[in-house]
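In order of appearance the chains are A, B and C, and numbering begins at 1 in each one.
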Amino acid sequence: MDVLGFVLIGTITGIGGGTTRDLLLGRTVWWTQDPLELTLCVTASLVTFFFIKSDITRRKGMIWADTLGLSVFGVVGCYVALQFGAPFVIAVFMGMVTATGGGLIRDVITNTQPMIMSGQVYATAALLGSLSYASLRHIGVPEIPAEIVACLAAFSLRASAIIFNIRMGPPNEFIRIGNTDDDHRKH
Amino acid sequence: MDVLGFVLIGTITGIGGGTTRDLLLGRTVWWTQDPLELTLCVTASLVTFFFIKSDITRRKGMIWADTLGLSVFGVVGCYVALQFGAPFVIAVFMGMVTATGGGLIRDVITNTQPMIMSGQVYATAALLGSLSYASLRHIGVPEIPAEIVACLAAFSLRASAIIFNIRMGPPNEFIRIGNTDDDHRKH
Amino acid sequence: MDVLGFVLIGTITGIGGGTTRDLLLGRTVWWTQDPLELTLCVTASLVTFFFIKSDITRRKGMIWADTLGLSVFGVVGCYVALQFGAPFVIAVFMGMVTATGGGLIRDVITNTQPMIMSGQVYATAALLGSLSYASLRHIGVPEIPAEIVACLAAFSLRASAIIFNIRMGPPNEFIRIGNTDDDHRKH
């Protein structure tokens, strides 16, 4: 992929989820008012393109940057939707959209199987973060602790799923952990 | 596919067409105001995931649910656009978008060949429903009869196409019926 | 592909980029107010479907129509965004979105590798046109000359890339010209 293609894909991944949320909520798409965020995404993509040469470093870095983004964006997206006056259920959904939307658009454009289709604990982690945040706020927990707890919950779930290779499957194989052939079933 | 992936795909299919219509028209995306519709889509997807185990039942059910949705959404989408003040041609187009948009997004995400590309009488049936409704209303037919006739027209065309395996093709093979090698040409 | 599928893909390619720009900017999607543009796209697609039978003519025509569209839409998109009050950087980005968005959506739907991913000088040409226009206007060049120069710049770059088979690649192979094995490196 050439430099501009790389930058475009990087930028779409970074702002795609929040853009989808804003369009759905009828909110002004935040980055169109101030070029800072767009410039940041472009710069980050350029740095990655020119300075991180090793494919393995790049892939590992991507996975953990993605995990961090997933956790933070799920909570931020839910926060933005609640601030905008969205109902509880909608706000939780919008948190998940913000967290997973950018990666979904990237996967569709690059013709990769989307993470939400892969059976990995991905959208589930975003949902956990978004739902935790909305619930904690709902029962009166102050802003900052609610954000931290929700981010940590999402991050821990996604990180565990990566490290212990946890997968979710069809109804008869609800959760599978590791690569063993004997499945650990739950539910 | 895991349960959340299945629910997300089901929900996107259900609300994707109407969401696209609302975004294009500059209308408030209807389901963001009231969590009922979102909850219904999630529930329907969950029921399908956990209770319909047979792949054949599931596929058959999908095809006919899809046909029903195509007919109803085409007319509803056109109705919403006309109510919103869209011109005749735009409203007819929006009916087709509402009917086919959700399935199109689903097919793009799941990396399936979209129905509108398959040569099946699919978007054509949606267009027939949408165009019939707008025309009937235009010549003064009351709301309810116009809706019923237009839905039936779309449903009959799509159902015939499924049952008799009617396909449309390139210019030199405008319509083909059945699996025979001698094509029935028209136009 | 059948006639309606062809018309839909043609129309989406024609209006997709500008639609994305308008949605992102929070502008009314221009073609929903006046059916003329939609009708034009449908007519052009119908004419192509029924009258241009030769695959080679069709493909060649497509490539040059696409090049013309890329140059003009990049400048027009940037103009529209600036008129709407978008900041410089955002307006340049919107020009590129307008020029490349329709083709990107078409490629995603038809499951083709998107041009922006192909390493061809495609988005780069759109960016050149958009950036030239915004810069020329910024330094006080009148409307018409700025438009003409920017369109020509974009068209020339894209046309050269097609004719001389110029490609851009990963960091270690920034630009490649022609099919030779010994790469001409730059930067």
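Just so we're on the same page, a residue touches a chain if its C-beta (ideal position, glycine included) is under 8 Å from a C-beta of that chain, and two chains touch if they have at least 3 such contacts.
The shown structure was predicted, so the numbers you read here are calculated from the model rather than taken from an experiment.
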C-alpha-based rotation, subunit B on subunit C, 0 to 180 degrees, nearest 5: 120
Type of subunit A:subunit B copy interface by residue overlap (half), same or different: different
Inter-centroid spacing, subunit B versus subunit A (mean Cα positions, whole Å): 30
Multi-partner residues of subunit A (each touching 2 or more other chains): 23, 108, 111
Residues of subunit B defined as touching subunit A within the complex: 1-5, 8-9, 19, 23, 28-29, 31-35, 38-39, 49-50, 53, 108-111
List of subunit C residues in touch with subunit A within their complex: 23-26, 86-90, 93, 104, 108, 111, 113-114, 116-119, 123-124, 127, 167-171, 174
